[in-house]
Structure formats: structure tokens, C-alpha cells
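Below, each structure is written out as C-alpha cells.
Across the two complexes that follow, subunit A remains constant while its partner is subunit B and subsequently subunit C.
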Partner chain A sequence: MFKELDPILHSQLRLAVMSLLIAVKEAEFTYIREKTNATAGNLSVQVQKLKEVGYIDVAKQFKDNYPQTTCRITPKGIEAFEAYVQALQAYLGTSGKG
Partner chain B sequence: METNEKEFSPQESLQLIHSMISKTKNSVADDSFYFLFWGWLVFGCCIAQYILKVYLLYPNHYIVWWLMPVGGIISGIYGSRQSKKQQVKSFVEEAVAYVWLSLAISFIVLIIISMTANTWQTAFTYYILLYGIGTFVTGSLIRFRPLVIGGIINFILAAVCVRFSYDNQLLIAAIALVTSYIIPGHLLRMKYKKQKN
Partner chain C sequence: MREEKQLTEKESLALITSMISKAKNSSIDSGIGPLFWGVLITICSLVTFAETKFNVTLGFDIWLISMIAVLPQIFFTWRAKKEKVFIPHDETMMNYVWGTFAICVFMLSFYTSQTHTSNGIALYMMVFGIPTFITGGIRNFKPMILGGLICWICSITSYYVSFPNGMLLMALSAVAAWLLPGIILRRRYLKMKNV
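Now for the complex of A and B:
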């Protein structure tokens, strides 16, 4: 009856990361960590998962001798995020009536 | 299974999306440096050229404009340092950056046109028009009204300017810089300082 919610996105931290990235062009790992209040280790794992499924691009580089990780959402990620929000709305809309 | 994640409802999902997106809203960087730097620099050049030309009758009065490429270099160094510090880049910032890049190129093109066709009489009219476009678009994108108002004032000053002599156009350009760069620039700086505290 319901569209299944994308299990990759239906997870608090991964959804938080995707919601941040959908609103900006790109963001550094430290910025995402600050906004999500996640630990570096946990965030690292979730970012890696999002990267594996192709929802985000992760670029690693050195800036003034410090390693820096920059994330940005991919077109596939935007599509998945939109589908997820639509599924949520459908779910909430229907369950509200029932 | 992920041990550090708890199940959460669709309602919580939507709330989370909403709260994360709203956290990025205030992420536009403080651009007031550019308005203040260029505002005061060009304002100073206009006044200096006016004094050199009108009061001191110095024939090479336009020499002051050699400060523009120097300003370009300082501005470029500041920009590249800032972009290194910046942790997040928004689409609005990118749009603003491209607007000013295209305007910077337009200023150079206008100088070439003025030199080639000797159209210095109308040069300031078009410079003021370009200041107006830059501040109006930036103000609209970052939703900062003083810049929008400054832009509108410059559109009017551009139309008025062409009726005056070159000497007086220098003073009108100085007024244009006060209304579109210097005053909004200081207000923008105050706004960011408040936001930080």
C-alpha cells in the first residue's frame, strides 16, 4: 500500500546529512558534524554509506596542511531525497485520513 | 544492523529535514568587506581626481585610477583566503560571486570602450549603472534591503549623471558609492556582527 521508505535515507544521521546538503552547494565534514552534533566516527561511517550508494560525492584534499573533506549531493541523491519526501508525505497524508 | 540508530517515525523524519534545512539559512558569508573596501577606495579616487583636476589643475589627474588593479589584487587575495576558511558554500553565494565576476569583466570592457571611442563623458553613467545592478541583485539574493535601495538610487543617479559635466560626474559617482556600497556595507557588517553574538 505504501511506498517503502528508502532505508538509506530513513536513518536519523544520514537523513540529517542529506537535508543539510540539499540546501547548499557543498559543505565540509566539520560543518556537517557541527550542525548534526554527531561524533566524527559515526558521521564518517554514515557519510561513507551515502557515498557508496552514490547519493553524495566526497572530495578529500589538503588545505594548509590539514586534511579536509568536502561533501556535496549528487543528482542521484537529489532524486532519492525527493522520492523519500514524497513517500513521507503520501504516508502521512494517508495515515492522517485513516 | 546499526546499533547507534533508533527507529523514527515519518513525522520525526519531516521535522528533522525541516530543522536541518533551516540550520543552513544563516550560512551566507559576510561579504561586507568587498562593499566597504571598494566603496571607500573608489570614493577616495573620485574625490582625489576631482581635487587634482579642478583645484590643482594637475594634467594627469586620472592617475588615481591605477589604484584599481591594486584593489583587484588585494580583493583577490582576501577572497581566496576567505574561501579557504569557509566551511560551507551556498548557491546564493555562488550566484553573487558570478554576478560580481561578470561586473568586474564589464568594468574592464567599459574602460577599453571608453579608451577606444573616447567616450569618457558617458563612462561614469555606465559605471554607476553597473554598481546599481551589482548591489540590486546582491541585495535581492541575500535579502538585504539597504543594498536593494542603494541599487535603485544608483539607477536614478546613472540617468541623472549623464546631464552633468565630467567634473561633476566624479562627485555624483562619489555619492553613488556612499549610497550603494558604503552605507549598505556598514549596515551589512553590523548585521553579521549581531548574528555572531
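Now for the complex of A and C:
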């Protein structure tokens, strides 16, 4: 029996954001936008969803008089990401054998 | 990138790999620090060698430049921190490793100036090798691993050579540990920036 893929992570932009954040300690919103090629509005909505489920922390502050949003993955987010990758590997491993 | 698109398992795995690779590529060091210190220590060592060997003098201690060079280094670090849009996982560790190195070099300068030990050069090269080898190991950057090893080999060798020739070993250490890795890093960084 396969584990169901986490619906929060099984979406293109949210998965891209989580994959980026797993590889760094923390990242600014502008960096994530540049690497994902997403629009600010769309990215903002997805970041908010990830924050609501506790997968990422979002900190807002001012840097040189400009607002700055910084994101960082939480332990819960790391756990969910690892479970998601394991589930993916299980799917692919079985489909590869078949 | 659109949020709505549902991915197949293969697409998900490909996306994860691609994003992690993008993050890794943007973590590439600009190479400015190793280049700067590599050039500086090489020049200081070669000038000291030439001064002693050919009995000429600049009229001031060339190594004072390395003390003054801490100021541009602070500026580079400050500017890099200001422009930084993400923090890599290993940044805190690297700051501690190179911070410890800076303190050790300062203490060693004090120690050698007080004791006038003839083994000062060997000790410097031993200390040069430590952060270089650690950085190369953590970042899986072979030129720095090799550079660290060369520093230690030069350190041992310097016990068996006379003073001005030891400065040639010091120059070799600086080239191997920082100058060459710095050039490689800089080329990689510029290539990545132009992609």
C-alpha cells in the first residue's frame, strides 16, 4: 500500500519553494522568486500556505529602508519533505520494476 | 511557475533535483577572499625572500601590508553580507573556522615577535593549512584539500631549509592554498553568473 503524497507539497510551486529552502539555511523572498520564476503574487499565496501548515517560518523586517521577507524551513517542514521524497521513491521504485 | 500544475512522481523528483542544484550553484564562492589573500601573502613572501637574498630593503616591513589588508577584507565581507539574498547551511561553521584562523595568526604573530623563534615560518604554514583543508573537505572542493596538504608538507620541509628559502615555501603555500583555488572559484563564479 502506497503512502499518499502530501497534497501541500505535491504542487509545482510549493514543492519548488520547499526544495530551495531545504538546500539553504534561509532565503529572501526575492531570491525564491528569481529561482522559481514565479510571479510575486502567486509566490506570496503559496508561501502563506506553507507557513499556515507550519512547513516554513516567514520573517518580515526592514533592510536599508526596504521591506524584506525571509523564509526558512521548519523541523516540521523538513520532516514532511523527507516523507514526501521517500513516498516518491517508493512510487518510482515500484513503477520502475513493473 | 504556476502553482496549479499537478506533477507526476517523475516530474516531482526532477523538480526537487533541479531546485537543489540551483541553490547549490548560487552558493558558489566569488573567490575574491582567497584570491586577495593568495596574491598578498605570495607577494609578501617573495619580497621578503628577495630582500634577504639580494641584500636590498624596501625601507618598511612588507608584512605590515597584510595587517592593513584586514580593512579591505572587512569591507568585502560587509558588502557580501549586504548583497546576500540567502544564507547557506555551512555559513556559521565557516565563519567560526576562518575566525579561529584569524585569531591564531594574530596570536602567532605576537608569539613569534616576542620569542624571535626561527621556526615561525613552519608554524604559520601549519596554521594556513588548517582552515584551508577544513573548507575544502566541507565544501568538497579538492583544490583546497590539496592546498591544505601542500601547506603542511611545506611546513615540515621548512625545518630543513634556511630562512630566506623558507619564504619560497611560504609563497608556494599561499599559491596552493588560496591563489589557485581562488582563480578556480572566480572562474566558476563568473561562468555561473553569465549563464
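Quick note on the criterion: the second predicted complex is superposed on the first by the 98 of 98 C-alpha atoms of A that agree within 3 Å, B and C clash if a C-alpha of one lies under 4 Å from a C-alpha of the other, contacts with A are read in each partner's own complex, and residues count from 1 in each chain.
In this text, a contact is a pair of C-beta atoms (placed from the backbone, for glycine too) under 8 Å apart; a residue touches a chain by one contact, two chains touch by 3 or more.
These numbers were taken from a predicted model, which means no experiment stands behind them.
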Query = Taking subunit A as the common reference for superposition, should the pair subunit B and subunit C be classed as clashing or as fitting?
reply = clash
Inquiry  = Per the contact definition in the header, classify A:Gln86: touching subunit B only (first), subunit C only (second), both, or neither.
reply    = neither
Ask   = First (subunit B), second (subunit C), both or neither: which does A:Gln48 touch?
value = neither
Task = Considering only touches as defined above, state whether A:His10 meets subunit B (first), subunit C (second), both or neither.
result = both
Query = When the two structures are overlaid on chain A, which partner does A:Asn37 contact: first (subunit B), second (subunit C), both, or neither?
reply = second
Request  = Overlap the subunit B and subunit C contact sets on subunit A and report the shared residues.
outcome  = 5, 10-13, 15-16, 19-20, 22-28, 30-31, 35-36, 42, 64, 85, 88, 91-92, 95
Key: Residues of subunit B that touch subunit A when the two form their complex   = 2, 4-6, 8, 10-11, 13-14, 16-17, 20-21, 23-25, 27, 84, 87-91, 93-94
Inquiry  = Per the contact definition, I'd like the list of subunit A residues that touch subunit C in the complex.
reply    = 5, 10-16, 19-20, 22-28, 30-31, 35-38, 42, 45-46, 64, 84-85, 88-89, 91-92, 95
Key: In the complex, subunit C residues that touch subunit A   = 1-7, 9-10, 12-13, 15-16, 18-20, 22-24, 26-27, 82, 85-89, 91-92
Ask   = Which of the residues in subunit A end up touching subunit B in this complex?
value = 5, 10-13, 15-16, 19-20, 22-28, 30-31, 34-36, 42, 63-64, 85, 88, 91-92, 95
